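In this document, chain identifiers A, B, C and D correspond to the written order of the chains, with residue numbering beginning at 1 in each.
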Amino acid sequence: MEAEFPALVSARLGDRVAAVEVFPGTLGRVRFRAEAALDVFRSMRDDFAFDHLSMVGGIDWVDHREVFYVLWSDARRAYVILSTDLPAENPHIESATPTWPGANWHERETWEMVDIHFDHHPDLRHLLMPDGYVFHPLLRSFKLHEPEELEVKTRNV
Amino acid sequence: MSVTLLSVATAISQAILGAIGSVLPQPASGAVTNVNTVDGLAALIFAAILLLASMLNTIVLIWWERKLLGRFMDRRGAMHVGYAGLLQNFADGIKLFRKDTVKPREADTLGFWSGPTAYMVTSLIIFAILPVSTGWNSGSLPLSLLLALAVFSFAPLFIFVSAWSSNNKYSLIGGMRSAAQMIAYEVPILLAVVAVVLVSGSFDLQTIVLEQTNYWFWVPLFLALVVFVAGMLAEMERIPFDLPEAEAELVEGWNTEYGGMMFAFFMLTDYLRALLGSFLIVLLFLGGWTMPGWVPAAATSFPLAGIFWFMLKVYIVFTVFVWIRASLPRVRTDQLLRVGWNRMVPLALLSVVLAALLVTVKCLPVLGCIPTLGG
Amino acid sequence: MNASSVTTASGTAKAPGTELPVVTQPGVPFIEIETLRAKEFLPAAKEALSAMIAERGREDLTQPVFNWAGRNSLFPLHWGLACCAIEFAAAFGARWDAERFGIVPRSSPRQCDLMIVNGTVTWKVAHKLIALYEQMPEPKWVIAMGNCATGGGPFRTAYSVVPGVDKLVPVDLYIAGCPPRPEAMLDGILKLEELIRERKE
Amino acid sequence: MSEMWINMGPQHPMTHGLWNLRVHVDGEMVLDVDPEMGYLHRGIEKISEDRHYNEVVTLMDRCCYVAGLAWEHLYILSAEQALGIRPPERAEWIRVMSEEFQRLGSHLMWYAAFVQDIGLMAPFLYGMRDRDLVLDLFQSYTGARMTYEYMRVGGVRNDLPNGFTDQSRKVCDWLIDRFEEYDRLCLASAIFHKRCDGLGKMSRADCVAYGVTGPMLRSAGSKRDLRKDRPYSAYDRVEFDVATADGADVTARYLVRMEEMRQSVRIIRQALDWLDKNPGPVMAARVPRWLGAPYAPIGNEGYLLKRNYPKGLGLSAIEEPHGEAQAYIVNDGGEHPYRVKFRSPVFANISAAKKYLVGYRIADIPPIMGSVDVCVGECDR
């Protein structure tokens, strides 16, 4: 099943999928086009029986951003990773929450941390940081305090 | 022979006033040693002794529960203050009385302060009514049982007042639960008491105890005892019926907003009521201060033997309560109320019917012949 | 002797009291002299007494009692921030049994006198921590348990972590460790008891 | 009483951690809930980007403080995949044994907290007492009770001490007896069933849709267990059964966790037998030196830094005591991981709170949340 999975995905999704890379321990890393996100999600859930969304995460590669989804299929007993690239300016992608309700909090966290906007998300507000927090900590441009710097800061406070 | 609390108080009062009177010149001395003055001071001394005794007992009770609970939990409980932690509760008490009592700004002043006080006072009053031995406490009151239960059932009112006036949602929910629970279990308790009254033929606790010299009432009235104990657990708000202060969901229940002295009042009163509940169970079902006939006479005839055996029974009953607390989970409000109205009330009615049957067929004296039950 | 006879006589207010050396005017009854004297004396006595109580009495007589009670019944706030909370709970377990020292966790801050900050404090929880501290009635103490509460610990550089709870509330005692063992926590509380023993109002 | 919102948390006996459950109630009935997380968000993912690979292990212990070794295992598996390093077999067995002991420790902690939630006082102490025995074992070979820092990329830090396996077997025997006692205290009590039966229903379909895993999913009849479905380390070489139940309620979760503890003891006994028979190295032979000591000065050249190491991605998934945890590590060839992303099972389990809390009573919230087994550290990271 593992061997024919890339072919099956390519056949079903056509040019909505750019490539299916080999990823040890999973069925593969499916690189799809961000515009076709909804189609890919639905196809993965309905045609390939990936009914369980494990994790959504974002990566800031300074010049662009990546968002990845890890899916599990009870029928196949295997993981698959979906991944797509988004532009660094105004990155946004269709929300997976209508497809997998469990994506809700993961997407909230990804928006909060990596500043990737999820369209049609039912409730995109802060989850881990307090309301009104304007930074996105997991961006590469967001630096951690140096201990000395921190000392000065707190003393001034 | 009959040393009673009142006679002791009168004797002390006479001694004090006599000493004062002997110093004073005649007209003043006559006024001081007057019968009315002696009686008035005797009443005060009576109350002081009762207060002291009940408070001491309550504090020892708290210590006993903590130690016992510790042992049930495979640990030792308070150890470091006094011998085996005996002074622990005094330390707690002094600390709590020393602490600030914060009233939340939005709380209702009158209710916030008066609720706990009234709760404590009404619970203390009952100690004057309950006899602990022949003639001890206030002597024979023809309706002492009714009076005790009536005062006992004031509590939900004051709990609700203090819960409502502390303006806290947890307190409010706790207070409502408390009121619902106490009112629901008031009915089976009273019905169980009716069974006792039917068998003993009196509302006077002295008489009820003296009726048990031949056999203790738990034998013919076992059903009533079960109902009464369950109801008392609910009235005392102890596990498994401690929903009003359910630690897991309502932070501390109706005393969430109370700290310092007011919290000490609540804590103390909870145990006062536990003591009262044990008193009532011993008085109504376990023969009060009477002992079965096979107990050697020497064990029941030393001075204050009645009080000794009575308190022993009370502590044993309380130990059972602690055991229950250590081993049972907490029930839910709706389940508690359903059990109260759907199971306890019919059971209590059944126990009344059984008691009436026992009285009508006149088989009660038979029980007295069984040697283990009484003499 | 003289005074007692005068006192008993003063009850009937008939004694002349002329033998007192202070009485210069012969016609003034004793009771009035006493009243005049008392008027002068009472405020001074009151002042002296209250000063004595304030200086000596409270410190030497009542304070040890209150400090004894306070240090022997510390009720910590029952809450868990992070890892140290597990060790905090373990200290109340059968092996360490913190209740031996009269330490009973209470869930309501109104009934607590000790806040054990057992874990990492984040900026999101900071104002709740301050509110809880404000809700605790005086006298109250704070123990910073573990490295995170003391100075941020391994998360010191993180964007969401308060570098030490002493930035928010006054801390009486720091316990080192990540997390401190239950023995260390109990030792910290005993050290706090030493502090309370020498406490003055 | 009219409808109102109640904040249960962040300081509340029910939460067992630092989070806030906002509950909309009508009298005693729960109409809506809104969990509010993040009170313990320490930015572990961000700090990891500033640490060397082995230093992140330190954060993993603090990430989930009741299951530190399981999270170390999770991270190490992922890092080894990203860096292309394989540990020796003995290290794999030690990791399996550690994870199972950690499962015992975590479940005992859960038992203690859960029985306290339903008002049982004494068993709380029993759970803590027996957990301490497991922690003593950890202490004997890692040196710490809760924060172990034991696993390394390419193996584990040190081998087991002498006599460890015998002591472990004694603890296992003791625990197996205690489980019977726990069951007698809970399952034999009518009040326990009154409190827990039919509460917090979460059907299998809902669990899958909301990403709920672990004992909650298995209590709904699913046999999903990554140790069986996707064996990692030495789990393909041990025999055990997946604990399942059908009720999908609080009692079913209790049964699943108790059975899991028994199965853990079974796995541990097999692992101990293997470890007794097969001594050997516990670190891989060819681990790059910068992994072992990132700041070690080499000669006069200052620090030996990582240069031109192969890039890679790592995804690991383990069956953590709370459910299915994942780590996704991006290795861009630098000396620090470029991005570390963790999936916490508790995060997903709490996110479905609306599904299993609405429609019950306030008094039901503690048992239900107790049966979910919340560890805020790993949820907020």
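FYI, contacts are C-beta pairs under 8 Å (C-beta built on N, C-alpha and C of every residue); 3 or more make two chains touch, one makes a residue touch a chain.
Just so it is clear, the structure is predicted and the values come from calculations on it, not from any experiment.
The set of chains in contact with chain B as well as chain C comprises D. Across the two candidate interfaces, C-D and A-C, the one carrying more C-beta contacts is C-D.
The greatest centre-to-centre gap from chain C, using C-alpha centroids, is found for A. Between chain A and chain B, the centres computed from C-alpha atoms are 64 Å apart. Chain centres here are Cα averages; for chain C and chain D they lie 43 Å apart.
Separating the centre of chain A from that of chain C, both taken as means of CA atoms, is a distance of 55 Å. As a whole-number value, the distance joining the C-alpha centres of chain A and chain D reads 24 Å. For chain C, the set of residues that touch two or more other chains comprises 93-94, 107, 124, 157-160. The set of chain B residues touching two or more other chains comprises 73-75, 247, 251. Contacts with at least two other chains are made by residues 128-130, 137, 142, 144 of chain A. Every pair of chains meeting the touch criterion is listed here: A-C, A-D, B-C, B-D, C-D. Residue ranges of chain B in contact with chain C, taken from their complex: 66, 70, 73-81, 85, 87-88, 90-96, 98-102, 247, 251-252, 255-260, 263. Residues of chain C that touch chain A in their complex: 123-124, 156-160, 163, 167. By the touch criterion given at the top, residues 10-13, 16-18, 38-44, 46-47, 50, 58-59, 61-62, 65-66, 109, 112, 125-126, 128-129, 131-132, 145-147, 376-377 of chain D touch chain C in their complex. The touching residues of chain D, when paired with chain B in their complex, are 1, 4, 6, 8, 12-14, 28, 115-122, 124-126, 129, 185, 189, 191-192, 194-195, 361-366. Against chain A, the residues of chain D that register as touching in their complex are 37-38, 41, 43, 45-47, 50, 81, 208-212, 222, 224, 229-230, 313, 315-317, 324, 326, 328, 330, 338-339, 341, 343, 347-348, 351-352, 380-381.
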